[in-house]
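Got a structure for you, written out below as structure tokens; questions coming shortly.
All chains are identified by letter, namely A, B, C and D, in their written order; residue positions are counted from 1 within each chain.
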Amino acid sequence: MLLRHTPTEIRERSALTINPAKTCQPIGAMYAALGIHRCLPHSHGSQGCCAYHRSTLTRHYKEPVMAATSSFTEGASVFGGQANLLQAIDNIFTVYEPDVIAVHTTCLSETIGDDIPQIARKAGADGKIPEGKFVIHANTPSYVGSHVTGFANMTKGMVDYFSTSTGKRTDRINIIPGYVEPSDMEEIARLAAELGIKIVMFPDTSNVLNRPQTGKFEMYPKGGVTVPALMSTGDSKATIALGRTASWPAARALDVKCKVHCELLNLPIGLAATDAFIETLRTVSGVSVPDSINLERGRLLDIITDMHQYFYHRKVGLVGDPDQLISLAEFLVSLDMWPIHIVTGTPGKKFESKIREITAGIPHQVNVRAAGDMFLFHQWIKNDPVDLIMGNTYLKYIARDEDIPFVRFGFPILDRIGHGIFPTVGYRGGMRLLEKILEALMDRQDRDAPEESFELVM
Amino acid sequence: MLLRHTPTEIRERSALTINPAKTCQPIGAMYAALGIHRCLPHSHGSQGCCAYHRSTLTRHYKEPVMAATSSFTEGASVFGGQANLLQAIDNIFTVYEPDVIAVHTTCLSETIGDDIPQIARKAGADGKIPEGKFVIHANTPSYVGSHVTGFANMTKGMVDYFSTSTGKRTDRINIIPGYVEPSDMEEIARLAAELGIKIVMFPDTSNVLNRPQTGKFEMYPKGGVTVPALMSTGDSKATIALGRTASWPAARALDVKCKVHCELLNLPIGLAATDAFIETLRTVSGVSVPDSINLERGRLLDIITDMHQYFYHRKVGLVGDPDQLISLAEFLVSLDMWPIHIVTGTPGKKFESKIREITAGIPHQVNVRAAGDMFLFHQWIKNDPVDLIMGNTYLKYIARDEDIPFVRFGFPILDRIGHGIFPTVGYRGGMRLLEKILEALMDRQDRDAPEESFELVM
Amino acid sequence: MGATMKKTAAASIEGIDPASVKQELLSKYPTKVARKRAKQIVINTVGEDCSAPEIGANTRTIPGIITQRGCSYAGCKGVVLGPTRDFVNLTHGPIGCGFYSWLTRRNQTRPPTPDSPNFMTYCFSTDLQDEDIVFGGEKKLRAAIQEAYDLFKPKAISIFSTCPVGLIGDDVHAVAREMKEKLGINIFGFSCEGYKGVSQSAGHHIANNGIFKHVVGLDDTPREGKYKINLLGEYNIGGDAFEIDRVLEKCGITTVATFSGNSTYDQFANAHMADLNTIMCHRSINYVAEMMEKKFGIPWIKINFIGANSTAKSLRKIAKYFEDQALIDMVEEIIAEEMVEVEKVRAEIRPRCEGKLAMLFVGGSRAHHYQDLFAEIGMETISAGYEFAHRDDYEGRKVLPDIKVDADSRNIEELEIHPDPERYRPRRTAEQIETLAAEGFTFRDYEGMMAQMAEKTLVIDDISQFETEKMIEIYKPAIFCAGIKEKFAIQKKGIPMKQLHSYDSGGPYAGFKGAVNFYREIDRMVNSKVWSYIKAPWQVNPELTATYAFE
Amino acid sequence: MGATMKKTAAASIEGIDPASVKQELLSKYPTKVARKRAKQIVINTVGEDCSAPEIGANTRTIPGIITQRGCSYAGCKGVVLGPTRDFVNLTHGPIGCGFYSWLTRRNQTRPPTPDSPNFMTYCFSTDLQDEDIVFGGEKKLRAAIQEAYDLFKPKAISIFSTCPVGLIGDDVHAVAREMKEKLGINIFGFSCEGYKGVSQSAGHHIANNGIFKHVVGLDDTPREGKYKINLLGEYNIGGDAFEIDRVLEKCGITTVATFSGNSTYDQFANAHMADLNTIMCHRSINYVAEMMEKKFGIPWIKINFIGANSTAKSLRKIAKYFEDQALIDMVEEIIAEEMVEVEKVRAEIRPRCEGKLAMLFVGGSRAHHYQDLFAEIGMETISAGYEFAHRDDYEGRKVLPDIKVDADSRNIEELEIHPDPERYRPRRTAEQIETLAAEGFTFRDYEGMMAQMAEKTLVIDDISQFETEKMIEIYKPAIFCAGIKEKFAIQKKGIPMKQLHSYDSGGPYAGFKGAVNFYREIDRMVNSKVWSYIKAPWQVNPELTATYAFE
């Protein structure tokens, strides 16, 4: 067994985290910053943080992930990192020529208490920030929240630094897509375009972290939300925040800063959540829904009605990030599946109650835990087995030990491709999810069927 | 074992076909006819044929498949089926009100020698064909060729009956997509649209055999090529025929009938074949290729370069239809994979030489057979095992007995979904194929890896 | 059953007048068609004597009126002989027929050992080409048989003729005799060309004849067992026969042969050593039962293992036949034991299904049998019909004498059967039969579907696509049962559709465990949320003033 | 080696002047940066005495200049102690560090039995929260250790400090001592905060100190075996150590302990019972070797099992040390045996790779060792450098005396080691060492990377993203070797990139079988067609008059 020391008997732990279902804020901030066009993320702390974040993002996206670091030494961690950051800003603008440096802090610089805005101002005063270029920042202490929190904070940073209201409202809608794949952001934009709605999406990592092979390496690829677009968000008609944890803080900040009305929706994963997203776009911008979207919706529903027998009352275990899990659980429940073990590593009381609400109709005990870990999740499964697990690559160890069908979903996925290219949001994403779920369940049925009931037609 | 009687030792058979890799013409004709808007396919023969074709198409597409039959009795098979067909035409136009009845023959009516055009003329003369409605036909003797031949013949029938040249050339391009999925036809149309090219595609089963769930059953759904569009094909600038077996006869007929220049290309499956398709569209209509297509291409290539190590020198066995196999084999070879056992049930000498050409660079014996069967294919595998097999659902019996990773591809797929919705043509289709191939190979690696080399990052 | 339980139609459709429904179904047809269909669409009413109105059945399909019927080949090779595992079923004809009937019916089979023969996963065909059509296919057929023999050395090879075979003058029977002679294994042919008869039904009859003529009675080895029966017309779709065997074995009843689910050549050869023939699907197999009675003196009874109550009833009937108190007690004990789980599940599910409407249009007996299962969870069959049955399957065998044989049926050979000089052995004396009959025990009888259906329900033979749509629009049933060809057209209308040929991917539904499976399956289908998602929010509520939920 | 085999740069780059390349690399930097980087970019030239020019190494990374370096925690927990399977490696800090170092390095481990302990698939962390940062994390650390103990009862628990730990004043060593006392298992801490030193290298040193201080020498059980060695600085990436073990075992050489691939606590505790320390990765582990020699009298030698020739050379060196003809003969025999396959594959592949250029920028020894493998298939290393090495790894240990210790290094504790009163036992007498030395046998020596590199090749320490791109544009190598962070930026330029930290998903590459694997892998990468598809037809040939193939 790969996880041979995991006992069935569960004892509560107060101090020891085993096999985490989250990681730390800075990586989320780095990912968000990569969603700004011509932006170089900068990690203000030891260089190891930056190395780890770049490595993990690279393994997940199989794409270049560029970021700089303040490379703290022992000295810096005693006397503060101002000198390092000033030097970094100078070097970065000189050598790598970004339009924006997006600084995020680390547990180290947060513990020291470095004041980034003050340092950035000094860099400006010293003339180290070229005309028309920007240094923005977000405080992302690793000991608070999770990678999702870091994403939320950097996204909020975009509002804090760029959003401005000129007084003239546009008919654009801001969409904050949340901590989703580049392919998902692309799909969200496509759906809005199908509706004929002008949007500003931020951040937008499509064409940054799902780039083509062109024989050229571009330090700053085509993708990402531009600075002017970010500035214009203050004039937009409304903001749609997808996912409470990742997107709400930025939306609220924009409302406060520029009085842009904001709506909080669940991530558009699955039929109902996508319906809500489309319906909100429709009503907010007063357009009507084109046939093309009804067609996609109808095809998703067609799979649901055609294949219902395979979903019905199958037990599922889920590990992932809160915004994703809320929509995914809702989707599975709508298929008559039973998500019964649900863990996110990200802390937050709201999560558990929301999941309770969604799973209320399931006639079976449901285990849910925020700030939980995969060790606990695994123990739940040992005590109450499931037909399917969905989550990031680390679940493969549980899937193999317990011999459970496994669908990869969420972050990080280190051992398969596809997530960067094929969305799981929207109706098309729903179809992809259903195909993957069915594939996993049917492959298992085919594997385990006695010869006389090995099915040709399924 | 499911196929316990299949011996390793191969002896040539001259008369007995075991586990066919093809089926008969009429089903292909029925499928093609469903690609005409408001068309009801009609099977001129015993009702069993119609029942079998509808059942098989329905299991593959999980969609309604409507078709009528002449329901031959013993009498009809002695005295000919004219009376039945006349009655059928009358009943169909009265009760089901199609715009077109597309009659295909069967082994029975072909053996009898019923003259469909003559019967149709009589129906017309008797006033059984309402104004502006049509009865077209194709001769599809089940004892010649295969389902692909039937598709080709009915597609040619569309030209024979509808294509007319008014003398005014349009800038439209005719595309004959071949015996591919509705999702593939949709993708081919999308690619042409991306290039800004006006096309007429026939047949076009998209939105016929991949319909939404709407709560309404439409006898004649939105999809399908319209009669006026079919008529206009005679004026088009050029015809691109995708696949020699399925599409070339119609293209040639159109050239002969209306002098529309035609190009024969391989089905756009994989990088090179899609490049050829795009390049031909570009040059034929003098447009330039937009970034959106370069982006898709680059993403496909990115997967190829990133994941090359998983493809390199893996042996593959393929069963399917000739046009698909030629492009698929070419694609696999371009990935440095080794397709070494290749069978199609469809007869045709060109196929074997084409495959020989494509696989010439493989330093390993390559077995290829046209008019072969899966029994032979299975024996080849027993004699020279492979890492992967690709083909229709019937391969699952071999996959299980021989414990070989299996990717479903082609017709029919009776036990999984997705083929109706997600294309395998074009660059996107290539990405889907690669994802499926990688999934199959990597799942196997994960299954068989000793614990110490069970990989987190792949 | 019958008169005593005369039922009236569901309250929920009181408002709907079947006569006008019938009119609507016919309204769009050309006169000739309407006249013919009118005979096949009957408003049910059951007389005191269980008599039902006459229905047009087993008549020609109307060209152009979209039917779900198949052909004679399908009935012979696909249905009756397909499920037998250990002989090579060789289709003689173009490739299609063999391909389409390859593994598509979900007949399960379970070879006793890893090396016992099982050819069901294989498809064998002569794949006739145009030159064969021109010059004749006998040579190729001969060669194919030789190749099959050389490769597999099967116990037997059966040849199935497809449409062109008759026309090109191939004599499959002659080839069969010749090769049987040459190879010394049993080889026989079936002239089941697709155009024979008017539906699968002709093929059933042809299959019955062939199997009786060429196999039944070849092996006189006496069979162990106190209560020996054959199970006829059970094809082990989704494992039905396995469940029935489980129950019978538990009761100590020996099944000598099953025609033909999970069957083997030897079972058929030995079938005449049984003491009773029990018939599940009357339509497809009654011929064999009749012939076995004439030739060997084995009486037959109609039974039905679809439905827990029906299963109990059938077991009691078998026990009663053997007139053995030990068996009678054993059967009661097992029924009691098995009904515990059945009642538990039924009690859970019935409240959710009670009063919902079902329609069944399928087969030659399933449309009847499955009504019992629906009834057990309180669902009402508002309309039903067969695809290929005859009048006796609707109205009961009592009408047999006045069914006139038309041209299409006349073409199907009726075998001349006489008592076997050595082996005819009446299992019951005239007296015994008297007494049993006196106690209401019925031999050789099937009262048909209609007698059991409620008043004013519509009985429709060979329902067409057009009629199907109308019926759904008018009655909006909770579930519709038919076959794969109907499935998605019906589901597109938002009505769950259950296949009763293949069971979709479910089963077994026979016997006690099967009943439980079916209750749960129907519960899933008629109570699922998924059918409620059809309208998008903007379709429910299109005006833009609509408010929407947000936090 | 060395002067005798002084090489000149590849013909294929004759035209390129390294001096101007260096200029170009520096051109864009601010003056201060350029000045510092100039020291770390050296044009190689090897003196008669094998001396190489001085290179700037193990100096601070320049903030903002994109580096591939990691931190002290990564070197200590990730590299050196990560591969040990049977103690609980507990990260004390916020969740990230533990998460990122969880199973990401492909160190393989093979527990002898299904129930022998293996914690490598687990990630243990105190997941410090803000309140812990404010009020201190010792309490939580204590509790976490207790919970780990209660759950797993491990042999030992090691604690790894992350950045904030030092700053908030947690004394992990005190907690370790206290809990060791309480639980009676070995518990020890590492002050490997990320900011210590200038790279992973500091962490290696800290790990060396800790493992030596707390584990090595705890178990005096004599070890069976005639030729007992330790294998130091081999981390069993992709199974390298398994292959090396295979070869050593075949030669009859016993590996007492491996630091630290596929290792266990007991191996470390018993390591001092070996008679020779052999060092693979000089950078990460030489400290332990030095300390073991001082304390126990075990001499160490540098060996290299990367490359078939290097492997043979290393085996001969070990055999020579033991001065035993039996072993010497055995080793020769096995080399001969193993080289058959190696030569076969090499002969097949070398013609396809001959003369192609490679660049290696990785690690603290791999950038050196892998040059041998490339050389074996005729490929030329045109430029190389380390990520975290010191001058001695470049220029050889002879420069150790004149390396001045800067502030960052001074912060890393240097243990005071004295011969162990009881257990100090010089394995070789002064005389023996004399004689061996006389025969050219070198103890305690590593001549570094540069001495082996061709003239005019560029040696670049801690290469930056900017320099990487320039080097590729200028030299267009056939392959570039580095780590995951560089991989896709390089491949986007159309150059295949091989990871030499994790081997992507390949390996083993050590020993004889490993060499074969590597030949094949490089052949795959540098000769694959897929890199030729980058331009679409319309990009190759954009004008519309283009003709296109059609039939």
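Everything that follows uses one rule, which is that contacts are C-beta pairs under 8 Å (C-beta built on N, C-alpha and C of every residue); 3 or more make two chains touch, one makes a residue touch a chain.
What you see is a predicted model, and the numbers here were worked out from it, not measured in a lab.
K.L.:
More C-beta contacts across A-C or across A-D?
P.N.:
A-D
K.L.:
Whole-Å distance, chain B centre to chain D centre, using C-alpha means?
P.N.:
One centre to the other, that is 54 Å.
K.L.:
What whole-Å value do you get for the distance between chain A and chain D if each is reduced to the mean of its CA atoms?
P.N.:
So the centre of chain A lies 34 Å away from the centre of chain D.
K.L.:
Indicate the whole-number Å distance between the mean C-alpha point of chain A and the mean C-alpha point of chain B.
P.N.:
Each chain's C-alpha centroid was found; their separation is 39 Å.
K.L.:
For chain A, write out the residues touching at least two other chains, lowest number first.
P.N.:
1-2, 59, 62, 211, 213-214, 294, 297, 301, 304-306, 394, 397, 451, 455-458 - these are the residues of chain A that touch more than one other chain.
K.L.:
Where does chain D touch two or more other chains at once, residue-wise?
P.N.:
Residues 103-104, 488, 491, 534.
K.L.:
Think of each chain as a node with edges to the chains it touches; is that a line, ring, star, complete or other?
P.N.:
other
K.L.:
Show me the residue ranges of chain C that touch chain B in the complex, using the header's touch definition.
P.N.:
28-30, 33, 60-74, 90, 93-104, 114-115, 117-119, 121-130, 132-133, 140-144, 146-148, 150-152, 162-164, 166-168, 193-199, 407-408, 411, 465-466, 469, 483-485, 487-494, 534-535
K.L.:
With touch defined as at the start, can you tell me which chain B residues reach chain C in the complex?
P.N.:
1-5, 7, 11, 13-20, 22-24, 26-27, 42, 45-49, 51-56, 58-59, 62-77, 84-85, 87-92, 94-96, 106-108, 110-112, 141-144, 146, 211, 213-218, 345, 375, 394, 397
K.L.:
Under the stated contact criterion, what part of chain C meets chain A in this complex?
P.N.:
103-104, 106, 108-110, 238-239, 488, 491, 496, 502, 504-506, 521, 524-525, 528-531, 533-534, 536-539, 542, 544, 546-551
K.L.:
Which of the residues in chain B end up touching chain A in this complex?
P.N.:
Touching chain A from chain B are residues 1-2, 59, 62, 207, 210-214, 294-299, 301-307, 393-394, 396-397, 400, 414-418, 421-422, 431-432, 434-435, 438-439, 442, 446, 451, 454-458.
K.L.:
Mind pulling up the chain A residues that touch chain C in the complex?
P.N.:
Contacts found on chain A: 244, 263-265, 271-272, 275-276, 278-280, 282-283, 286, 288-289, 294, 297, 301, 304-306, 308-309, 312, 334-336, 450-453, 455-458.
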